[in-house]
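Each chain carries a letter (A, B, C and D) given by its place in the written order, and its residues are counted from 1.
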Amino acid sequence: MMHTDYKEDFPLLLHTDATGVKVAYLDNAATTQKPRQVIDAVRTYYERYNANPHRGAYAIAMQVTEAFESVRSKVAQFIGAPDPEHIVFTFGATDGINQVAQSYGEQVVGPGDEILISVAEHHSNLLPWQRLAANKGAALVYLSVDRLGCIRLEELAAKLTSHTKIVAITHVSNVLGGINAIREIAAMAHAVGATLLLDATQSVPHIPVDVQDLDVDFMVFTAHKMLAPAGVGVLYGKKDLLKQMEPARVGGGIVEEVREQRVRFLDAPMKFEAGTQNSEGIIGLGAAIDYLEAVGMERVQAIEHRLMEYALKTLAAVPHIVLYSTGDAANRTGIISFNIAGVHPHDTATILASHAVAVRAGHHCAQPLMAHLGVNATCRMSLYLYNTEEDIRRLADGLSTVREVLGLGT
Amino acid sequence: MMHTDYKEDFPLLLHTDATGVKVAYLDNAATTQKPRQVIDAVRTYYERYNANPHRGAYAIAMQVTEAFESVRSKVAQFIGAPDPEHIVFTFGATDGINQVAQSYGEQVVGPGDEILISVAEHHSNLLPWQRLAANKGAALVYLSVDRLGCIRLEELAAKLTSHTKIVAITHVSNVLGGINAIREIAAMAHAVGATLLLDATQSVPHIPVDVQDLDVDFMVFTAHKMLAPAGVGVLYGKKDLLKQMEPARVGGGIVEEVREQRVRFLDAPMKFEAGTQNSEGIIGLGAAIDYLEAVGMERVQAIEHRLMEYALKTLAAVPHIVLYSTGDAANRTGIISFNIAGVHPHDTATILASHAVAVRAGHHCAQPLMAHLGVNATCRMSLYLYNTEEDIRRLADGLSTVREVLGLGT
Amino acid sequence: MGCPPYGRCLALELSDLYSQVIRDHNRSRHNKRTLCDPTVTVPGKNPSCGDEIVLSLTLKDGIIEDAAYTGVGCAISEASVSIMIDLIRGATVAKASELCHLFFRMIGSESLTREELEELDEAVAFSGISRMPARVKCATMAWHTLQVALQNASP
Amino acid sequence: MGCPPYGRCLALELSDLYSQVIRDHNRSRHNKRTLCDPTVTVPGKNPSCGDEIVLSLTLKDGIIEDAAYTGVGCAISEASVSIMIDLIRGATVAKASELCHLFFRMIGSESLTREELEELDEAVAFSGISRMPARVKCATMAWHTLQVALQNASP
């Protein structure tokens, strides 16, 4: 059953602790909570049809195989991929980006070539390219970003050259929340013959995403940030690209034939899924997509947009607050980075924690962006469809106590 | 609560289908069932303290971090590692072996060097080395095996040379079930300066394993074959080896400092755990180890040994059966490979499935071993602590019907 | 997702899977032999078991004069290739190609007309295989191999 | 595993974490300055927030004549380094090293004698930090840095 008060579906958000308090969970960019529907899907798998998929002729083995492959179809349809063969299951977004850097990057990047990323990339969409560039004698070129973490198309135009082999860009900054203009970026990258990898980790859970409409070449995202279990991710790739790639990880389940000194791999997507996959996680992802589709991604976006308008207004009124991305709620998802003047973000987060308000403090795995912003660290609140205005009020109220707790006056 | 009839703890094994039948689950070498204790640990995580570990100052984030790290300690103690820093969480055994091949293998293997494996290796402990050898101009050298899939120490002695850089051997063959003499193999490998990786995927769940006693350099295993969730594995490594390795996968959570063009990684084990880990799976692994320790690994081994004596006797009496590893139950775990004469193993497995008896048919991701045995494929039954003599009787009864169903007489 | 009864192999009865036709072809093996001078020889592989069946055709003037197979497979795959060979022996390449399409439509659970089913003759023994996903590849391997053989043979 | 109350930061009261001592050191910042001619300067880093605190010591004849720090950290880490500097200023290298050990024993939840606790003086403000795992590194960074500095300084 689906409620309009979505919190009702999330046992963790309903739980009251010994002091009668519920958590105001505002760390959704780190990971999201799981609805009953997902928790039940995982439990039902364990209790009714747990088996190793693709490997048995008995009833439960066939059932898990069918469930597993039906999630592949569901994911394809959810992100607008032409068919399930475009969908590779990974162990997370980080795993997916590393696979592309190793399998595809190793093939196409050579000395003197360039890889283009933005200064707002998560370390997971930075370090694989930094290493690839270093190994190959290629250059890792950075694009700066605006106040919402978005790249500027003029700068992109200036930096794209015939040497640019790969453009790897986040759809949405995990610190500032702005939505990049991917359709334009893809067209510009393709015009110089570069391949575009989209890190959609912070977009797929929050806004409608259509890979064919955006015309991206590769796209990765991670299940645990979209109501589903951890240890599962998705890599979408255009068919000819997947076809030309050797698997980055090799082992059981991906071969047509193994001889002592040679191997013939299966076709994509199977050839990329070496070893036993996280079936329960994949089945949980299927249930999460069902949940999100029942709500509707337009509606998810609208809910977050409405909450963001409230949050921007409410936080702006907090004394001594420093907001790192001001402006209105347009063209962004539900992420706000901030600090309290004179207070280290770790202290702010700890004091908020004592009010059972969960936000994250730190560099958010985006140290180059921190350098760009001229800070060591920030606090970040990040919304999802189950958040409420009350959560945001509790955040603002908690923030108002911070300086006093530290003896800095109010 | 722990029963002596362990089946009572496993909801899937207790479930009766519409026709009143329970499954006789004999495919434990592929994956094992999950006890209530593990299922509950996962559910409690989702309902009470789901958060991204190592990343938050709020209560549930600290709680998951503590739970996560306490499983690391538990794993260390379970396999006799000196301390938790030796334990790297991976996404499975396949992932762990690939990491060692990429991080360590790339460093130490050069042209003319040799990598020694057995013909009984699972593809996951074969293909990473086959590729490494090909990339480096090194040789992949095979050891043959005896009727239980064990290597012979004389052949090992003859093939170990000063060129041997890596010996990668399974502790227990996933097809034939024999237990390799790892202590001796380790000493012999070390005597020529080679590094030993032990694939303990089929041993750690079934027999007591102590990494210091065996003196292995690396060891991998996978959680889903030991009562725990899929998508989690463990890599043990000696400290100086882990120290000298660069991470194979890079991304968030593994860095001390990231600049645009350089990075400084954290120490092991953190530097190998890029990206969000499978926390629920790791917490489930902790519950699975608690379960196995409450039973006692000596007892697990004794239960399987007793069942194996019964199974060897019972299956030997099945008409037209061909057993691929005869003899008594000594020095082996609960795995038997077999065929019915004149019948393809896929047909045998399908007919067994109609009796709700779950065994696996195929090459078991061990094609070179199949070639060595002179078959394309076999059926395999594999036991775990919850199996019973009745499961084995149902297997034997089912097997007796196979030739008749196919019109080959009885 | 409902749970199928364990003893049912996902809703296909054992006697439907191993029907008389299939059992007969398995025993007779009349199409399991080596052709003297085949026009085209194509291996077909089932990666899940490592099985290989090699299909050979002798073509003359667009007619499949003879066909045979070697190799080993399970009861389903050997019966499927044997039944297929009976069907295509003497047929034109065009006709064989058409039978391929019909067979895949049937496996894909499309409902065929009575005439179409008659064309497939004994091969309708596999019409229920889609309810047994683990074995679909066994039934289709022969026909996939035939498609490749026909392509290779066409000038 | 029991669930700690959300509002409790794992059983450490906010007023214990941000005690008067810690607040005072945070405000006064009397040890936050640059030494003219330090014998040894060592950076300490907290990877979880990217913070860096640089500790400088002036040593003469085995005595820490002066000490100071620069850089930024959270309230806990800045208070910890400041309290540490007050403690070691004027102490012998041997004594400072002993204080390190005492401090780590306290953080590791060992129970110390009254005399030992007295030696740690204001640093006992961090005795409860182990109940707040996310902040342990903030409290210990100063002392880890001191250990490195003393090693670097010893001839």
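The working rule: contacts are C-beta pairs under 8 Å (C-beta built on N, C-alpha and C of every residue); 3 or more make two chains touch, one makes a residue touch a chain.
Please read these numbers as outputs of a predicted model, since none were measured by experiment.
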{"item": "Length of the line joining the C-alpha centres of chain A and chain C, rounded to whole Å", "value": "45"}
{"item": "Between chain C and chain B, distance of the C-alpha-averaged centres to the nearest whole Å", "value": "37"}
{"item": "Averaged-CA centre spacing for the pair chain B and chain A, given as whole angstrom", "value": "31"}
{"item": "Distance from the mean Cα position of chain D to that of chain C, given in whole angstrom", "value": "76"}
{"item": "Junction residues of chain D - those touching two or more other chains", "value": "3-9, 48, 50, 132, 134-135"}
{"item": "Chain A: positions in contact with at least two other chains", "value": "15, 17, 23, 48-49, 55-61, 255, 257, 346, 350, 353, 356, 361-362, 367"}
{"item": "Chain-level touch network, classified as line, ring, star, complete or other", "value": "other"}
{"item": "Contact pairs between chains, per stated definition", "value": "A-B, A-C, A-D, B-C, B-D"}
{"item": "Touching residues (chain side chain D, partner chain B) in the complex", "value": "1, 3-10, 45, 47-48, 50, 132-135"}
{"item": "Complex interface listing, chain B residues touching chain C", "value": "15, 17-19, 21-23, 343-347, 350-351, 353-356, 361-363, 367, 370, 376-377, 405-408"}
{"item": "Sites on chain C touched by chain B in the complex", "value": "3-9, 14, 17-18, 20, 23-24, 26-27, 48-52, 72-76, 78, 132, 134-135, 138"}
{"item": "Chain A residues within the chain B interface of the complex", "value": "11-12, 15, 17, 23, 27, 30-31, 33-34, 38-39, 42-43, 46-52, 55-61, 91-95, 97-98, 119, 122-128, 130-131, 140, 142, 222, 224, 229-232, 248-253, 255, 257-263, 274-281, 346, 349-350, 352-353, 356-362, 365, 367-368, 371"}
{"item": "In the complex, chain A residues that touch chain C", "value": "44, 48-49, 54-63, 65-67, 255-257, 266"}
